[in-house]
Every structure is written in C-alpha cells, then in structure tokens.
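Below, each structure is written out as structure tokens.
The two complexes that follow have chain A in common; it is paired with chain B in the first and with chain C in the second.
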Partner chain A sequence: MNRPAAPEFEFSGNLAARNRSGRIWHLVFQISTIIGILVLAALLVNILDSTFGYVAYEAGIDPESLAVDGISLEDQSRDQLAALLQERLSFGAYNKLNDEKPFSERSKADVYSLVIQRIVKYDVLESWALWESLTRRGEILAEVEALRAEHPVVDLVFVSWLTPDFMARPQSSEAVNTGVRTAILGSLWTILITILVAFPLGVGAAIYLEEYARDNWLNRLIQTNINNLAGVPSIIYGILGLALFVRAMSKLTSGELFGLADPTTATGRTLLSAGLTLALLVLPVIIINAQEAIRAVPQSLRKAGYGLGATQWQTIRDHVLPNALPGILTGTILAVSRAIGETAPLVVVGASTAISFDPASPFSRFTTLPIQIYQWTARPQAEWRHLAAAAILVLLVLLLSLNASAILLRNRFARKY
Partner chain B sequence: MNLTNLQVPPVPEPAAADEQTVIETRDLSIFYGNFLAVTDVNLKIPRNRITAIIGPSGCGKSTLLRAFNRMNELVPDTHIQGQVLFDGRDLYAPQVDPVEVRYRIGMVFQKANPFPKSIYENIAWGARIHGYRGKMDELVEFSLRQAALWDEVKDKLKQSGLSLSGGQQQRLCIARAIAVRPEVILMDEPASALDPIATLKIEELMQELKQNYTIIIVTHNMQQAARVSDYTAMMMLTGETRSGTVIEFDQTNRIFTRPQDRRTEDYVTGRFG
Partner chain C sequence: MTIQKMDPQSAYPTKAIGLHKRRRWGESAIQSLLFFAGFFSIFTTVGIVYELGKEAWLFFRLPEVNLWKFLTGTQWQPHINEFGILPLLNATLVTTAIAMAVAIPLGLAVAVYLSEYASLKARNTLKPILEVLAGIPTIVYGYFALTFVTPILRSIFGRDVVDIYNTASAGLVMGVLILPLIASISEDALNAVPRSLREAAYGLGATKLEVAVKVVLPAALSGIAAAIILGISRAIGETMIVAVAAGAGPNFTFNPFKGAETMTGHIVRISGGDLSYDSIDYNSIFAIGLMLFVLTLSLNIISQRIVRRFREVYE
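Up next is the complex of A and B:
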C-alpha cells in the first residue's frame, strides 16, 4: 500500500512576530487600565476641588455689634446667649426652640450655633474652588475688597464644605445651615428595605430556575424576560413603582393599613415605596447573578449528595447554596451598590425635595443622598455646588463602607476547605 | 442474509445456583430520549460478591450501573423499559421513592468528589440527613476504618476532604457511602484516575467490603476486573441500533479463561477492535 507523501515541513520563522504581537496586546490592556484609573482620579480630583475653598461670608448682623460690655459673642455665657435669643427672636419662635429642648438643658455650643443661625445669619456672597483658592489668592482678596463697597461686613474664610456638622444637620434652605443627615438616613432606610425584599426573592427565584424548573417554553420565556428586565431603564421602574406602590398599594405603603398614618393625609410617597421600587429594579440583576453562581457549583457535588440518598432540598441547602453563596453575595453587592446611587426612579416615586425631619419608620416621607445631590447641583448659586460635592463625598464613603462590610461578610462565607 | 440478525443477544448464563440474588434485571432497556442506549439486559447480581461490568467505551456500562440506583433519572428525558428488582421489589414501581433507592444502593463515582467540608463532616452529613441518632464520632471512626482510611486521617478529621490525595479522597468517598449503611455499593470506574498503588488499596478495600456489602464495579481495566471480581458481565454494542447489551455474564474466571461468546474472547484477550 502506498503511503501518502509527507508534506514538506517548512515553517516561516515567525516567533519574533508572535512575540511582538503579544507585547502589543499586553500594552493595549495596560493602557485600558491606566485610562480607567485616570478617569477615576479625575472624578475624585474634581469632587475634592469643589469641596474645599475660600468663602466670602456676609453677616446679616455684625457679630461685633452683639458684644455686651466688651465681651465678644463667642465668650458670652449660655444664659447671656439665651437672653439674646429671647430678645431678638419673636415670642413664638423662641418658645418653639425652648419646647424642643429647654435652654437650661442645652449646651453653650448649641445655643451659640442657634444665635449664629437665627440672629447673625451668615450669607454666602461668593465662593471659590480649591484650585482657585490656592493659585489666585491675590485676585480673590482683591475681589473681596471690591465687595466691601456694598457689603461692609464681609469675612473671607477658607472652609471645608464637608464637616461633621454638615453630616449631622438636617436639610435647610440656607446654604450655611444645611446638612445631609436626613438624606443619609433616607438612603440607609431605603437600601435596607431593598436588600430585605430583593435578596430573598432574587435568590429564591434563582434556586427555582436553576434547580427545579424544567426546560420548557414557559420557563424559557420567564428566563428571557428576566434577562431583558435587567436592561430596562431605571426611570421605567420608577413609573412602575409610582403606579403600583405609591398609588395602587397606598394603603399599605403609607402605613394606613396598620393604623400608623392619618387616612386623610396619608400618601404612598414613603420609604417603603422607594425601597420596594429599588428592589424591583435590582431583582433581575440579583437573579441572574445568583443563577450564574448556582450554575457554577460542580455537578459532581449534587451527584454526591443524591448518591447518598439526600433529597433535592437537602442537597441544595447543604452543598449547592453554601458553595454558591460567595458568588451570590458578589452579585448582590454590585446590584445594591447600583441601587444606592439611583436617582431617577426615586424622583418619580416622589422623594421629597425639602424635608428636615429624620425618617422614623418605613412609612416616613424621605429624601436620599442622590436626590439631595441632584437638587443642589440644579441650583444656580455656586455654594450649592460645593455642598453637592461634599454630599457626593459622603455618598462615596457610604457606598464604599457598605461594600467593604459586604465583602468582609462574603469572605467569611468564602473561606472554603 | 442479514448478518445482524445473528447478533440477537444470547440469554446470559445464569449465576451459580447457590448464590442469593440481590439485584435482578428483567429485559431492561434504557433510553435517552429516543436513543436506545442499553437494551435487553437480564442479570442476577449475587449478594456479597463483587460483580464487574466490562466492555469497550460507549457500550453503556455506566448507564446500566446508574439504572441500579435510579441515578440516571438526574439526566432529563431518561426512561427505562423492563424491570430492576432489588430484593425482589421493583425499583421503578410508582410508589418507590428514588431517594430511598439511593440510600439503600450507594454510589462511588469515577472522579473522587468529596464535599468541600471537613473529613469528619463528609462522613457525618449522610448519616445526619437520614436522622442518625447514635454517636456520630463512633460512626465516623467505624466508616473510616472500614474504608481503610482511619489511620491516615485520624489526626486531621477537621481538615478539608479536598486536602487528601486522590486515592485517599476516593476512599473517603467510599467511607462516606458506607456511613449510611447501604446494601449495595455501585462503583463507576473508581480507580481510573488513580496511580497503581492507590488502585491496589482500593482493590484490597473492595475485598474487605464484600463481607458486608454487594459491590458492582464498572471498569475499563480488564486486569482489575480479573483481580477483584467474582462475577463479570461483558457488554458490547449490538444490533442495528448499536445499543449496548450484556453479551455474557458468568463467574469471572470462566469469562477470562473459557468465554462462551467469541466477542468476549476477542475482547479479553486483546484482539478486539
């Protein structure tokens, strides 16, 4: 039998070219990473630039004119300051403050800040970003001098817009007095409700679809729809939330059903509606991620379980879920991070723009950090943009710390044998 | 003349009369969807013996083995015709729960698959889910001793089952199967991924275990079948549908020395395909 002739083994020596193309791709990937890092750095620099800088304040009443017997305002005793409030404020306003907390029980610093807020009433005339403040100091001083012509009492101060006070104060309509306390609490409440609803629902649905559902047209239809829902714009979820939770289920979401709200004034524009809306928004993402994680559990583990005479649920509970949990948690962390930053659906659901009291229950009206930031950036005065930058920093820190604790939790579960 | 007509599977030789049958198949055929994978198998597996199933790749050995404890039902669209009797009861009768079947007829897989948990937990889990009320420590020790693994792991029971070597992992899987006290242990090429020394240990272990258990082993390795088994079932693809069936079933020494079927002789002597 004739053997086929061996082909001529001739190769062009292309090793150098292959190595070169490898190096080029290596470089391309490195550049992508560097671009990503640069963009992130630019974002941070931009935010920090707005968070610090010079501010020209004008006092409504010159604090020096409030000195008594040569004692400056700062050095006066608490009772002196309280007396000043009583003298300058209307009877009703003073009594209201006294009712909230009697002056005899307030600290001196507390009363002093009330005097500043209610009587001295600083107002921001002009503000500068960090970079300007550092590089154009002379010009800024000249501008302040020019301002003095019209506003005799002007103070130029270098400030950080992000202060402990800023985080502890409720929202206010005056830039110097406002804070993000209401918004932080609103965000935390919302996200708590979102997690409580979306995590069990999402993981449950994923378990059903991966482990129990048969491969038929109905389940394929459900699967396709879940995949598509993950791509629906968030504003659509807002509209859904408005129709479903705020309007149709208002008796539940306002707390009326539980006798917690006055039926004549109750609305569904509450934390519960917001949390449920965001839960709907992240549900498809959680389901898809959890499905991926469950699918990644090796089939051999399930077989081992069944081979020992375990029921399907025993196998899922003791082997599939524990092994899928790190992946499920990773997906949930990503989804919830997205929810924390959502603005559009909450605007539609009816986040309050001006609200100064802490949310007390899921049935409270609310605002959240992204809503607050959005409101502030939309205002024309420069100082609100500085405040928005400070609020963005708060939001970032909140997000990072929530993520960090979730990742720590995940790693505890992920500690495998 | 159509040659395939001549290849109608002969009725396998019955097992020796003094053996007690634990699993019996009657005209068993196994389908994956419309595909007939295994056809017309009639076997009587004797109690407290090791029965080997040998044959070329793809002839349905593992499929047949999985039919003995209904593991094949985990593959969608699988169904059987005929009967599998376990102690005279039909395993596929409607009132029989497959979970119960797998508990009485345990399984060891080709690739060792310990749970990613501690060695102790690997053994204890099976007993616990079945509501074991006795002393767990004793059961773990007993099972590991039976699997000839106790001396190697007694000081590291809290370590991961995955930290063991391949052979130890496979013996851990055997110990795990023993811990729920099955009557029959199915082994699907348990030593195919192991080196000769680990393989030998598994084979010695099987000899120990057959005092108390019936073992059915699928193997590619004819020397292994000859070394460990008391009975051997020879499988081959036959017929127009190219479905696997048992062409000969007999005591192992007869299969390897005086096979009745020409194809068996070709296969065991290495002349086949």
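Up next is the complex of A and C:
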C-alpha cells in the first residue's frame, strides 16, 4: 500500500487555523445576537430614563402668597379654594367652570387641581433625564440657582412623568397639565371598530379558503392577493382610507347619514374612518393566521363529522371552528396589537392634533396613543420628550398585556393531536 | 309475469330515503357569505389601485407637472411647482441602504447562530426576545432614533457634521427594526436544510463553521435572498422612523448626516395638516403613494418568485 502522506500533512497542518477561524466566527455570531438584545435593552432604558427625573418648575404666582391666615394652599377647604378661584378668575371663566360641574359638587382634590392649573400655573423651565438627575445633581442645583436669578419662584422637583393623573387627564397644550386619557380612549375605540369589522371578515375568508375553495384560478388569485396585501406598506392603507372612507364615504363616516353629524366632524376624519382603515390593514394578517389555525385541525375530525351525516357547514361550525379557535384568537390578538401601534395610516387619515374631549361615538374626531407620541416627539422642548416617553410606556404596557394574553390563550387551549 | 314488468330502477329506492344530492339553501347561503368574505380582499386591492391610479392621473394631468420631470427632476418644491421625485426617492434609498447594511449581516449572523450554534435552551430564550423587538411599534423606534442614536452620532462625529435630523440615525434604527424579520425568515430557511447534509459534511471532516457557511447557507440561499428582498421592501415602506428622525424637507443629498425627507416621510408631513381635496399637494401624495406601491409590490413578488423557483427540494 502506498498511502500518500502529503494530503494528511496538509490536513492537519491547517487544522489549527480552521479551528481558530471557527472559534472567531462563533464569537462573531454570538456577538451579533447580543447586539440585538443590547439594542432592545438600550431602547427600554432610554425610555425609562426619560420618564423620570428632575424638573424645574416656575409658578406664575407663588403658592405661598396664596396662603390665607397662615393656612397653606393644600390645607385650605374646598370652599376657600372655590372662593379663591372666583376671586382670581374672570367672571366668565369662573361661571364656565361652575356650569361644567357646580363647585358645591366637586371634590376638594378636583378644586385644588383647578387652582393649580388656573391660578398658580406651573410652567416647566428645565427638565433632566433620570441618569443626569442621579449623577449630576450638583450641577443641576447650580443651574437652578442660576435660573433663580431671572425667575424668582423656581421649584426643583423629582417627578415621574407617568402618573395616574397623566393617564386620567385629557390632552392639553401645557406640558404640566396634559394627559393621555383622550388618546387611550381613542385607541380603544379604533381597535374596537377594527376588530368588529376585521374579525368576522377575516375568519370568514379563512374558512372559505381552507374549507370550500377549490383549486381554480379565482381562488388562487384571492390567495395570492391576500399574501401580497400583507406586504403593502401601512401608509398606502392610510392613503386608501383618506380617499375612500374620509372622502368618498364621508356621508357615512361623519355620521351624516344617521343624522348624528357633529358640525366639527363633518369632514369624515372620524374614529370610524380610522377603525375601518386599520381593519383593511390587519385583514390579510388575520386571514393568514386563521388559515394556519384551521389547517392545523386534523382531517379525521371532518371525516368523522361527514360520516355521521353532518353537512359541511355543520362540521365546520361544530368541530373545525371550536378546535381552531385558540389559534384564530391568538393570531387576531397579534394582528390587533400591530394595529394599536400603527401611526402612519392614522396621520394620513387625519388624526386631530388637539382634542381635549372624550370621544363620544364612532363619529367623533380622534387621536390615539401612537399619534400622541408622534406629536410630542416632534416638539423640540425637552418636557414633551419626557411626556412622549411616558406615553410610550403606557403603549408598551398595553401591547405587552395583549401579547401575554395571546400566549396564555395559546398555552391554555392549544390541543395536540 | 309481474317480476319482468318491474321497473329496474325501483330496486334502488333512492327517492324513498333521499340519498340524491339535495340543494340545501342554508348551506349555499353560508357558502356565498364566506365567499364574499374571501373575495373582499380583492376589493381592497382594486380600491388601492383605483384610488392611487385615479388621483395620480389627475396629478400628472396638471399643467404644472409632467411625468418625465417627475421621474428625473432633482427638486421637490411644490410652492414653485417643481415636482421631481428624485430627492424623495434618493432619501428613501439612502435610509434603506443604511438599514440593510445593519440588518443583513446582523440578521444573517443571528440566524446562523440560532439555527447552527445555539443550544435549545438559548434558542428558546433568544427567539422571544427577537419577537419582542419585531413587535415594538415603529413610532417607538422613531423616538429611540431621535433621542438616543442621534445624540450618540453627534457626539462621535461632531455637532457641526451631524444634523439633528439625519438619515443615518433613521437608517441605523430601521436596520434594527428589520433585523428580526431577516433573522427569522432566514432561520426558517436554514432549519429546512436536512440534517443529512450537515452530517455528511461533518463526516468529511468539516468544522462547524465550514458546515454552516459552505454547506447550510448555500442550500438555504433562496430563502435568505427572499428574506433580504422582503426586508428591503419593508425598509422602503417604513414611515414613522424616518418621519421622526430623518428630517422634514426634501433634500437631494447622499450625505447620511444631513436631513432629507423620504417618500413616506413626505406623505406623512403633507397629510398631517388638514389637507384640502383636489389641491396639488393632495394629488401629489397619491402619485408618491403609487410609486411606493409599485416598488414594494414588485419587490414582494420577486421575493415570492425566488422562493418558488430556486427552492432546493430534498427528499
């Protein structure tokens, strides 16, 4: 036997180098994955960092000067505070407040917050993020001292921009008084309309495609079309919504058809238009997810149904759908959580920039959480960035709970065959 | 004989127990309803094509606009009737290129790591994290780009080099957004490569890296190419990150540290105010939208074609 020795020598000769490059690339792959996770962490930390921190407030009127007989503002009774409002506000403004809800019926906390908003009028002079607040406390104090030279009444307070009050207050043009209540309600209304439209249509389409559709050109066209629609950028849906729901169907979407039109919403830029636009947007996703769930139901169940003499619809209704339902619901929740985060189509459809009243019907003007975040982020002043971060936290918690419920649903009802 | 006279059909009493196919109206009604639901998506497509086409047609028929200048003009200045889409298209391509420069290498590395290297336990913790990354609303990424990435870029390259609004930061963050998309589709493609190929390569003395890069990756190339094209399509259509971080105002520049408005960013800014119908601005967003729709749709179709045509089928 003359076994060639040279190749073997070469093989072991470069083995070390090959193993080394193997180890290096292993590290590269690992680091890439870690980078992805680090970015996610940075994103969350960045948001939390902006949500808390020092704020230098300037009061329009020093609250101390409003103390009566040595009783500070906070300790005064409701009637004293109401009297203060009557004294300091114009006659018209006071009456307007009283008409909204008589002072005798308001709680003390309510009247107190009115005094703060209308008379004391805090204004944000400067604000700092959490990390700065913790590490540069001395410099911040020095800066505040510098501010005091020009603004006599400056308060430095450590705040959380995300407070229960922030969630309960309607939108306002002042950073200290604004909240996300209108936006949360707008998001919920929009999503409700989206689900009501997209869920039945989507599940119906999925049943048709999986159970009834024969393999012919029309059904192939429908399937291809759905797959392509799922890849259309969301802003295109916004443009479609603008042309179709806001403009062409404005009689319907403004509520004029039902005699419900609010003169301010006669344009059709309403919750209904927004909900319908998002419904079109998530429809393909819901269909594709529901199709997968229906496909996972084993054929034997259908055969058994037919064998017992059930019609096709009876089999689907009583056997296929109940078994596919957890999957369908999970898919729908995931699609809906995508819709909740959508911003671009709603800007195009015409979300309002400033509304301070709660939406009352599908024909109300609207704003949603992502829209609110977009508008606040777009402002240059730091305090609006902090508010945007707080609103992002609200949005993320909403999405997280939706996703968690989807996972729970899947684990609870998932069946194995 | 009576027997001979008997009708042969009567030996099979089909009528008596009704085994023949009966028309059930309820069933048919339900089937038509379901068909309507299925067909509805066709209306959406027709609606998109019709509305975009109609308004874009109105736009191009305006005396101020002509199609040739629209496609080749380097200025988009509605107030002086300059409608050249190149600055918008250019900004879209710059942000997309930056995004893909981040997303392709990182996405592929993550896919290879998850499918070839990671233990089952690591995989089960890492995948959900990537899914979270994919599920974060794009406006949150926009916030992140503007308040985190831009300041970092400015402190590295200098404040006079990097504008507050710039395409680099928008593109980088967009890359992070698209990373999970590319990673998860590519990983599916890598997982679909049969074990026998890997075992054979190991048997020939290949190292783990050689198996991954020289055997598994080429075998999964069609799926990876499809993932990349889908990623590009996603980047072109991405809106909120560029609307927040890339800057307002069309700007024909290749400098990633300058602000420039993309097609999507322009649509959002123009329609942000109360846009009056039949104005030139209103019509122009449909023309841009049509361009966007054609671009993304053709990329999506190419991606589907690649998957279908170049898929390696293993027994």
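Heads up, the rule we're going with is that the second predicted complex is superposed on the first by the 358 of 417 C-alpha atoms of A that agree within 3 Å, B and C clash if a C-alpha of one lies under 4 Å from a C-alpha of the other, contacts with A are read in each partner's own complex, and residues count from 1 in each chain.
The rule is simple: a residue touches a chain if its C-beta (ideal position, glycine included) is under 8 Å from a C-beta of that chain, and two chains touch if they have at least 3 such contacts.
Just so we're clear, the structure is a prediction, and the values are computed from it rather than from any experiment.
> Does chain B (first) or chain C (second) touch A:Leu188, or do both, or does neither?
Touch status of A:Leu188: no partner.
> May I ask you to decide whether A:Asp215 touches chain B, chain C, both, or neither, giving the answer as first, second, both or neither?
In the superposition, A:Asp215 touches chain B alone.
> So, A:Thr311: does it touch chain B (first), chain C (second), both, or neither?
Once the two structures are laid over each other on A, A:Thr311 reaches both partners.
> Mind telling me which of the two, chain B or chain C, contacts the most residues of chain A?
Looking at chain B versus chain C, the one contacting more residues of chain A is C.
> If we overlay the two complexes on their shared chain A, which of chain B and chain C does A:His319 touch? Say first, second, both or neither.
A:His319 sits against chain B, while chain C stays out of touch.
> Looking at A:Leu301, would you say it contacts chain B, chain C, both, or neither? Reply first, second, both or neither.
In the superposed model, A:Leu301 contacts chain B only, not chain C.
> Considering only the touch criterion stated at the top, classify A:Leu147 as touching first (chain B), second (chain C), both, or neither.
A:Leu147 contacts neither chain B nor chain C.
> Under the contact rule defined above, give the chain A residues that sit at the interface with chain B and also at the interface with chain C.
311
> What residues on chain A touch chain B, complex-wise?
Touch list, chain A to chain B: 214-215, 298, 300-304, 306-311, 314, 318-319, 323, 416-417.
> Across the complex, what residues on chain A touch chain C?
11, 18-19, 21-22, 25-26, 28-30, 32-33, 35-37, 39-40, 42-43, 46-47, 50, 200-205, 207-209, 212-213, 219, 221-222, 225-229, 231-240, 242-244, 247, 267, 269, 280, 283-284, 287, 311-313, 334, 337-338, 340-344, 347-348, 350, 353, 370, 373-374, 377-378, 385, 388-389, 392, 395-396, 399, 403
> Which chain C residues qualify as touching chain A in the complex?
Residues 24, 26-27, 30-31, 33-42, 44-45, 47-48, 51-52, 55, 105-106, 109-110, 112-114, 117-118, 126, 129-130, 132-133, 135-144, 146-148, 176, 179-180, 183, 205, 207-210, 213, 230, 233-234, 236-240, 243-244, 264, 267-268, 271-272, 274-275, 277, 285-286, 289, 292-293, 296-297, 300-301, 304.
> Which stretch or stretches of chain B touch chain A in the complex?
By the definition above, chain B touches chain A via 69, 71, 74, 76, 99-104, 106-109, 111, 113-118, 125-126, 129-130, 159-163, 173, 176-177, 180.
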